[in-house]
Each structure stands twice: as C-alpha cells, then as structure tokens.
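Supplied in structure tokens, the structure appears directly below.
Should a chain be cited, it is by its letter among A, B, C, D and E, assigned in written order, with residues numbered from 1 in that chain.
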Amino acid sequence: MDIASCIGVFWGVAMILTGLKLEGGEFKEVLQVTAAIIVFGGTSGAVILQFTPARLIGAVVGLKTVFRGVKMDPAGLIHQIADFARRARREGILALEKEIPDITDTFFSKALGMAVDGLEPKTLHETMETEMDTIEEEWKQKAEVWEAGGGYLPTIGIIGAVLGLIQVMKELTDIEKVGEGIAVAFVATIYGLVAANLICLPIAGKLQSTGKQITKFKDMTLKGVLLIQEGINHSIIEEELKGYLDEKSRAKYTSAGSAATAGIGPAPGGTE
Amino acid sequence: MDIASCIGVFWGVAMILTGLKLEGGEFKEVLQVTAAIIVFGGTSGAVILQFTPARLIGAVVGLKTVFRGVKMDPAGLIHQIADFARRARREGILALEKEIPDITDTFFSKALGMAVDGLEPKTLHETMETEMDTIEEEWKQKAEVWEAGGGYLPTIGIIGAVLGLIQVMKELTDIEKVGEGIAVAFVATIYGLVAANLICLPIAGKLQSTGKQITKFKDMTLKGVLLIQEGINHSIIEEELKGYLDEKSRAKYTSAGSAATAGIGPAPGGTE
Amino acid sequence: MDIASCIGVFWGVAMILTGLKLEGGEFKEVLQVTAAIIVFGGTSGAVILQFTPARLIGAVVGLKTVFRGVKMDPAGLIHQIADFARRARREGILALEKEIPDITDTFFSKALGMAVDGLEPKTLHETMETEMDTIEEEWKQKAEVWEAGGGYLPTIGIIGAVLGLIQVMKELTDIEKVGEGIAVAFVATIYGLVAANLICLPIAGKLQSTGKQITKFKDMTLKGVLLIQEGINHSIIEEELKGYLDEKSRAKYTSAGSAATAGIGPAPGGTE
Amino acid sequence: MDIASCIGVFWGVAMILTGLKLEGGEFKEVLQVTAAIIVFGGTSGAVILQFTPARLIGAVVGLKTVFRGVKMDPAGLIHQIADFARRARREGILALEKEIPDITDTFFSKALGMAVDGLEPKTLHETMETEMDTIEEEWKQKAEVWEAGGGYLPTIGIIGAVLGLIQVMKELTDIEKVGEGIAVAFVATIYGLVAANLICLPIAGKLQSTGKQITKFKDMTLKGVLLIQEGINHSIIEEELKGYLDEKSRAKYTSAGSAATAGIGPAPGGTE
Amino acid sequence: MDIASCIGVFWGVAMILTGLKLEGGEFKEVLQVTAAIIVFGGTSGAVILQFTPARLIGAVVGLKTVFRGVKMDPAGLIHQIADFARRARREGILALEKEIPDITDTFFSKALGMAVDGLEPKTLHETMETEMDTIEEEWKQKAEVWEAGGGYLPTIGIIGAVLGLIQVMKELTDIEKVGEGIAVAFVATIYGLVAANLICLPIAGKLQSTGKQITKFKDMTLKGVLLIQEGINHSIIEEELKGYLDEKSRAKYTSAGSAATAGIGPAPGGTE
C-alpha cells in the first residue's frame, strides 16, 4: 500500500475544500452535475477517441501500482546475483537451474533460464532487451493516457465556462441569472483544473517514474545475468551492480558487504 | 470497425451538448455560420499553406485507420515465422518460396523474398530498414497535419472572438447588441476549442500511436526474417520475438507454445 | 508554382474577412496604422536582434520555395541511378564521367564526380554527409526565423493591446473613447494572431518539411552513388532505393520496373 | 555558503514587497491564510501523489547544495591526476594504493582503487559509468520535484482565484464583498506565481545545473583514472583534461603548468 | 560591430513607443519606478537564485558578441588549411611548427601544435572534442540565463499587475484611483512582455546560434587538422571542408579555387 499516494490525492482536494469553507463558501456550490457532464463527458470522449480500449484499460489498471506501489529490492537482488555468481563459478552455471522456479520475477527467471540453457550472450541480451523495451513502452503508454486526460481537462473546463457565459449573455439585465451562469462557468473551470492538476498529471508523472524505476531494475537484472554467464567474480559483479543503487542504498550496502569487497584484488585474473 | 473511436468522437460532443441543454441553452445558440467560416476557414487556410496537397490527402485518408482500426496479429506472426524457421532449417530456405505469394503483408513478403533470393543479411536489413523508416515517417506526417490543425484552431477561435468583440465595442450602449456580439465571440471560441480538443488532437494522437504500433510490427517482422535467414532454431526465434508482445499477450502465448519452449535446451548448438 | 501555398495564404485571410463582414463589421475597422506599427515594428526589432542579416535574407529567400515549390523526382532518380549502375558494372565507373555535366543537381554531380575520380567510399561518404548536414541546417535556420516571428507576434500584439487599454484607463468616463481605445487594442491582438497563425507559423512548418524532404532526397542520392561505387547490381540498388519512396510511389514504381525486379535472384553473387 | 542563492531568494521577494508598499499597499493585504491553504495545500497534495516520499526528501535535502553550494576544484583535480600519473609511470600503478585513503571524493577513490586492483579498463569504465548515470539521474529527479511544484503552483493559484470569485458572484450587489472576494482571488494567484517563479523554478534550474556540473566533474575524474591506468604521459593527460575546464580556468591553468606542457613533444612514444 | 543587433534592439522599442505616441499616449505614462522595481527586481532575484555568479557574469559578457559580432572566416580557414596540407605533404608536418605562433585562434593552434608534436590522432581528436564540447556548453549556458530571464519576466509582470489590481479593489468606488491602479498594473505587464520579447529572448536566441556557429567552426578546424595529420591531399581536404560552407559561400569558393579542384583526379593514390 503506497500510503503517500493515497494521502496525496485526498490531501490536495481537502485543502482546497477547506479553503473554500474558510472563505465562507459551501461544498454544494462546487457540486454541479451540468459542469461535471461537460468536463468529464467531453474529456472521456477525447480520450476514448485517442486511445484504444486496451490502452485505456491498461492506464486504469496502472492505478494499482500508483496506490499500491511496486516492491523492488535492488540490494537484495545484488546479493542474490552475487550468490548465484559464486555458485556458478564453483559448480558451473547449470547448478542454478534448480533455483529458477523459486524466482518470482519472470524477467529474471527467463533471463537466467536462457543463460542456464546455454544460449549465446548476444541472443540472450537482444531477447531480454527487446522485452525490456516493450515493458518500458507499456509504462510510457499508461502515463500518456493520464497525461492526455490532464491536457484536455482544463481546456474542456473552459468550454464549459464559455457555454455557461453564453447563457449569461442572454439575460445581462437579470443580475441574479448572471451570477448563476457565471457560477456554472467557474465550477466547470475548477473541475477541469482540479482533475488535471491534482489527479491526472500527478498520476501520469508517477506512472512514468515507476516505469523508469522498473526498467532500471530490469536493466540491472539483465546486466547481472550476463555477468554471471560471463563467469565474472562475484565481488566484481557486486561492484558493478552497486552503481545502479542510489547514494544512500550504496552507502548502506557497502558496510554490509565489506568482507566481499575486500576480495576484489586477487580475483581479476579470471575475468576474461 | 474501430467502434471505440466512433463512440469517442460522438460521446464527447454529445456530453457537451447535453450540458448546454441542462443549463437551459439551445443547440441553435451554438450554430453560427459566421463563427464557423472564421474558425474553419482560417484554420484550413493555415493548414493548406503549411502542407502539400499530397500530405493533406494522406492525413484525411489516415482517418480510415482511425475509425476502421488496423488489424495486426503479432502472436499469429510469431507462429508463422516459427513455422517458416522450422521448415527453412529442415528443407532449406528455398522451400519458403512457394509461401511468399500467400503472405498478404507486402513488407513481410518482400523481406522474405529477399531472404529466399539469397541476398546478404546486411543488404536485406538496410533495404527493409529504409522502407520501415519511410513508413514511420509517413504516419508521423499524417499525425502532424492534425496536430497543426489542433494548434491553429483555438487561436483562430480567439481571432473570431476578438472580431466579434470589436463589433460590440462599436455600440457599447446598446446592451442587446453587446450580448449578441459577445455570443458570436464565444461561439467562435467554442468551435476552436471543441474542434481542436475533441477531434483534431485525439486523432493526431491516435495516428501517432497507430504509426508506432505498425512500425513495431514491421520491426518484429524484419527481425523474424533475419533470424530465419541466419538459420536460428525456431524456438529461440519464438523467445526473441515474444519480447515484442505486451505482457498480456506474452503470458497467453507462453501457455500455448509451452511444448515448443521446452525445446530450447538442446538447440543452441546450431545457432552460430 | 505551388498553387496550394498561394491559395492557403489568401484563403485563410479571406475567410476571416468574410466572417468580419457577415458580422456587420467593416474592413477599415481592422485597418489601423498604429496597431501595425506596434506589432510589426516590435516583431521586426526582435527578429533583427535575434538573427544575423544573412539569416534574415535566407529566410525571406526561402519563401520562393514555399510559393514556387521544389521539384524533385525520386522515382526518376532511382531509374537514373539504376541505369548508371548497369553501365558502371558493364563499362566501368569511368564510363559515367561524360554523364556528370548533364546532371543538374550539384549534389549528385559532385558525389558522382568523386566516385568517378576514384575517391575512397569513406571519404566520399564523409564529405557528402557534411554537405548534407549543412543543407539540412540551412533549411532549419530558415524555418527558425519564421517560427521566432510567429512566437513574438502574438505577445507583441498583446503589448499593443495593453498600450491601447492604458489610453482607455485615462478617460474611463468617456464611453466613446473607451470603445475606440479598446478597438486599437483588439486590432493589435488580431494583427499579432493572424500574422503568426496564418502566415509565419505555416511558412515555418512548410520550410521545415521542405528541408526534410530535400535532405531525404540527398540522402537517397548519396546512398545510390555509394552503391554504384560498390558495384552493386542495379536491380538490388533499385530495391534499396525504393525504400525511400512513399507507399504510393513505391506501388507505382514496382509495376513499372517489374521486369528488372525479376532479376534479383541470380545477381547477388557479385554483391560483395 | 552560496551567498548568491541566499540573496537571490530574498531579493526577489523583497523587491516585490517594496513595489507593493510604493503603490500604497500593506503587507497584510497579501497575508492570507485561506489563499495559502488552497495554494500550498493543493500543490503539496499533487506533489505527494506524484513522487515517492524518498524522492520528496531527496528534493528537500537537495536544497542544501542550492544554498551551501558544492565545492569542486577541477584544476586541483587535474594537478592531482597528473601527479598520480607521473608516479604511476615511474613506480607502477600500485604505488598509488597508499594515496587512496586520502581521497575524499568516494567516486575518485573507488575508481582509482579499481585501477590499482588491476581490474580491466572496460570493467572499470562500465562500473563507474553506471554509477555516474545513477548520480546524474538522482540530480535530475531532485530538480523534477521542484519543477513539478513550479508547474502546479500557478494553476492551483488560479483554482484559488476562481473559488474566491465564486463567492463574489453570490453577492454581486454588495460592492464591499466583491472587493474582498476578488482580493482573496488575487492573493491566491500571487502566491502561486511568486512561489513558482521566485522559488521553485529557480531552485529546479539550479539543481539541474548543479547535477550537470557534478556529472561533468565525475566524467573528468573517470577519464583521468582511465588515462592513468593506460599509462599515458602526465602532460598529455593534463592537456586532455584541460578540455573540461571553461575558457577562463583553462587560460589560468595554462600559465601555471607551462613547464609541464613543454614536455609533450618527446613523450608520445610511450602512449600506446 | 554588429550593427543589425544594435538597430534591432532600438528599433523594436522605438516602434512601440511611436505606436504609443500615435494613440495619443505619453512616454511618461509607461515610465514607472514601482512597476520597474517589481518586474526587474523580482526577475533579478529569480535569476540570481538560479544561476551562479560566474554564469551570470558569463551571460552579461556574452552580450559583447551579440553587439560586436564574432569574426570567423571559414573560407579563409579552408585556404589556410589547404595551404598547410600542401606544405605538410611536401616538407613534412614539422614544417608547420613555425606557423603555429602566427595562428590567432587558440583552438586551431593547440590542435595543430598537438599534430606537429606527433600525438596520436585518437588522442588529438578526443582532447580537442572535449574542449569543443566545453565551448558549446559554455555558449548554451550563456543563452540559458537570458532564456530564463525571458521566461520569468512576463509572469512577474503579471504579479506586478495583480498587485496593482489589489490596490484598485480597495477603493472600487473611486473611479480615479481605479484608473491609476490599473495603469500600474498594465505598465508592469508591458515591462515584463517588452523586456522578455524585445530583449531577453532575442539575445538568448542569438547567443545560441552564435554558439552553434562557433562550434561548427571549431569542428571544421579540428577536421582540417586531422586531415593534415593523416597526410591527405590538399584538394581533397578542400572538398571535404567545403561541405561546412553554406550554399552561397560554397559557390563563391568553388569559382576561386577551381584550379585546385581540378587536381582531385590524380591525387587519391596517396590518401591512405
């Protein structure tokens, strides 16, 4: 459960409603079916036209990762890969075959499976890179849907506003009606701006960075498998993969694996 | 028939008109020849100046794919390529010659034809990649036309609005005329915003992603033909091409082709 | 003569003036020296500051291609290159020397001249690629000038509008003067928006795509010359260069050159 | 202490408040809890939804470098590397081992450590490049948070403004209330614009260029270590690394190290 | 002296002031200390926060090149390089040593010096390319400062406008004060827009294209030195470098150097 995301989405709206209340306004002033129909109806039309149903579903399913978060343990993965590398050098890469069913990450298990099956590094690399590109693209596409929605919403909010103002123009003399019409106009604007800036665009941003994070994790996984296949010393692999960790995790990792690192010196003889 | 696209284009406009009606407005209030002439006339002028007639026709023809959809069966293609690869290894690549006339995708048939004719992989790759780049460019160009239209429309809508307001300024004392003039102004704005956000920009987005999808399919086709030409084992080809499938199709494909996948182990001996 | 461009530029303005007339406005309402001085004077100042005189002249000269069009015959070029390739294989590349003076495209004649003179492919490639990059850059620069103009115009139109409104503020009580001042303001806005959206930006877009088209043509020319120099079979060259044609031209070309294409099979022996 | 940054942040706000005072306004006119709640509450919600807590903390921690500055001495580094290179050529690269604990930059000490440990240049290069990419990405991510904030702020300021105007619409007849409501609206707008343009966006820009600067420094460090490992002559290394200095530092450096530069001539015999 | 730049900066402002005068306005109407303090004070704060003092100074120093112009003679450089190449082939590259002190361009003299000193082409190329990248980056950074300024100015102009309007709101009944307050507001807007669009953004654009031009010149210089070092025939070098010239200079150059060009034929024997 990604509590921050859940808080974020309610916090923003709550603050705005608090502000409204403090100004002496009422919640029902900003509850308007007409404005909602125009803004959300119009935007959904634009989005349905632009994206295939499959992509729309993918974008909605992507919400799960936004609010549940993704679990990735890069440090744990490095430990596991270093462990596999040690055993592969000692007992041969075939010794890893019985570990594959225990790997939950299908990308890792597929890559390791190919390495164990003896595929050439070039083929393994190409195959897994294609898969990685597809995964990256899928996340980008999810984000694009929300971004497009966040782009259409404010403009369609303005369409709603202008439609409301046209009603106002009809009876400029009736000051009551003027106020009412302008209110609809403004609520449509607010719906468009709030839905775009507090919901759609942040979600698009989150999906995009989640995609980047996942792609980086896969990249690190693939790199690790290729190094195992090359038969590189486990402590060198650890050093190489540690480059993927951010500064904090890297610092933490170093202190834990200091014994292993000390072994870099004598090992390189066997690297090529 | 891409039903979603058809629904999308009507749904958006319908929702906006429903909103208008709910606010007590009339459809005829937003039907205005003058505003239409300014907005669509002005935009068409800008677009005709910017693009050659051939590109404009291409962009309009591109609508067919938006509303009819494109049929591509990546999973089917992988099966077919795997099948071809199996036969090419058994009977030689010339055995595929009689299959070529049955291939409906001209890109696939040309690539396979070149492979069967014994052209070098490098030449085949270069030739088909140039063709692929041209196809990608063509789709981008179609999308660009609609994007440009979507860019000009709101601004020319504002030109219409300002022209209307100038009429209003002439007789600020006649409140009736003021309302009328402002109405024209607003309708021009609405035409510009609706045509841009509910029609042009979504269509541009759809054409762009359709182009990407088609290019990816061609890329996968070319990769497959090159692997057949290299004489790679069919199950490895399947693994490589499956990287192009999205997660869902990949999962589905795996279960169907599990028997073939099992054969990865013993095969790699013949890969190089 | 690129009739479409000429129509485009007048059509857009004509439609907007028609709209003005239909709303009961007069042409002279939008004819204002003051607004024109502010908008076009201000924009020209910005553009003169940003670009060197040479680039400004280049951008204006670029208008010729916008309104006259560029003549390029990719299909004809492929035929010519294929013909040259056939003769180069039969009679040696020196046989092409006497053709060079007849080639009107200086890029083609220079490249072919270098090939005939026996320069190494790498040197030929590098030299012509540098020239191609310079040509591409020149077109981009022409487009940039118009794009910059199209970027400044609406904002400077707003400066004109605000200056007009300041005059209005001085005598808010005189309703006549208010109307007049606002009119200047609005005309400045319209000048900025119309000049940007109906003239500058479409011209920038056209120059940019003309540049891309020319660069692609040069790229195809260079590719062709390099393939002639390599001594590749003419029908293979045709196949490779056809990848540069758009779908329609490709389809047309195929039907014309079907006899030649049939000859792919026996040829590759001599490709490397 | 980066005094310029500290001055910058106060100077901008001070100038705007001075202007307000000069116009006869009061500071308390722009102090409004309601507007602050809407603008900063809404923006924080959007930002919390978009970024993980770790990234938000990273962005806030990044402020330290904005206001404290980063200390990097490229010229000093070149001297140190040149010195190391001289000793490595004379006494062997192992002689540098005892220097490593004295290097405060962990990136430098890790790279040099790997070189001393005898790792292959390719492995060293890949490992350190991955680490460099991660560092670059971290800085980009810090900047992105502030940029996103700077993007949401003005729009949410407008939401606050429109909410205020809705209150105004309720009682158009009470001119006092109209003024008050519009004031809230305007203050929300000002909060959004000031916070975005005087705080968030400049900080984002600074973080981004700090990241670039740091990455360039690491790049130079890595290049230096690789040249030491290759056993290149120290004066050539100096020449190569001086390319990373800006014009001014380069000019200064040259005059200091002129004696060393004179030695380029006789050295190259030992470069490969 | 780059007269065009000087004219550009005054012309734009002059035209706008002329327009103001024609509308019956007074210069003093747009002279307002308060507005200037808000707009330029606020913008300078943002810019000081975003950029280090060194970069700000660099950006201001960059104005020299905007108003003085840069002198580069690509055609002259080609002649000089061709001349050097001829002598290097005849008398050996060491014969160029005595020419180095006469070269005013430090980039050229450093590159040629390295070539004469016998450094490997790869080292020479890498060293000079790093220096070229640094130069390119420096120019980009200068442009960025002005671009950032041009980005903040209009928004801070709006902040000034809104602050002015808040004063207006206080006394909506006093029509005199309303006009006055709105005037301040509008002047702040004009200051922001004029300073951004007539000064900062064009300067940013000019610095950017100056940087590109300089980088291209350095690139051509480096290419020339590398070709001299390779011992390539001077007429081939001329042909290669002519690709860097724009169409007009190329045409002019050809006619001048036609005698040299005629020598391409017999030369290539010695190119590799």
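A few remarks follow.
Everything that follows uses one rule, which is that a contact is a pair of C-beta atoms (placed from the backbone, for glycine too) under 8 Å apart; a residue touches a chain by one contact, two chains touch by 3 or more.
Every value quoted in this text rests on a predicted model; they were computed, and no experiment measured them.
Touch-path distance (fewest steps) from chain C to chain D is 2. Annotation: omitting chain C yields no split, and the remaining chains form one piece by touching. Chain A and chain D have CA centres that are 24 Å apart. Our note on geometry: chain A versus chain E, Cα centroid distance of 40 Å, whole angstroms. Taken chain by chain, the contacts form a single closed ring in which each chain touches exactly two others.
All the chains close into one ring, and from chain D toward chain E their sequence is D, E, C, B, A. Taken together, the chain D residues at the contact with chain A in this complex read 33-35, 37-38, 40-53, 55, 113-114, 117-120, 123, 126-135, 138, 141, 148, 151-152, 155-156, 158-160, 162-167, 169-170, 172-173, 181, 184.
Only residues 2, 4-5, 7-16, 18-20, 22-25, 29-30, 66, 154, 175, 178-179, 182-183, 186-187, 189-190, 193-194, 196-199, 201-203, 205-206, 209, 236, 239-240, 242-247, 250, 264-265, 268, 271-272 of chain C touch chain B when the two sit together in their complex.
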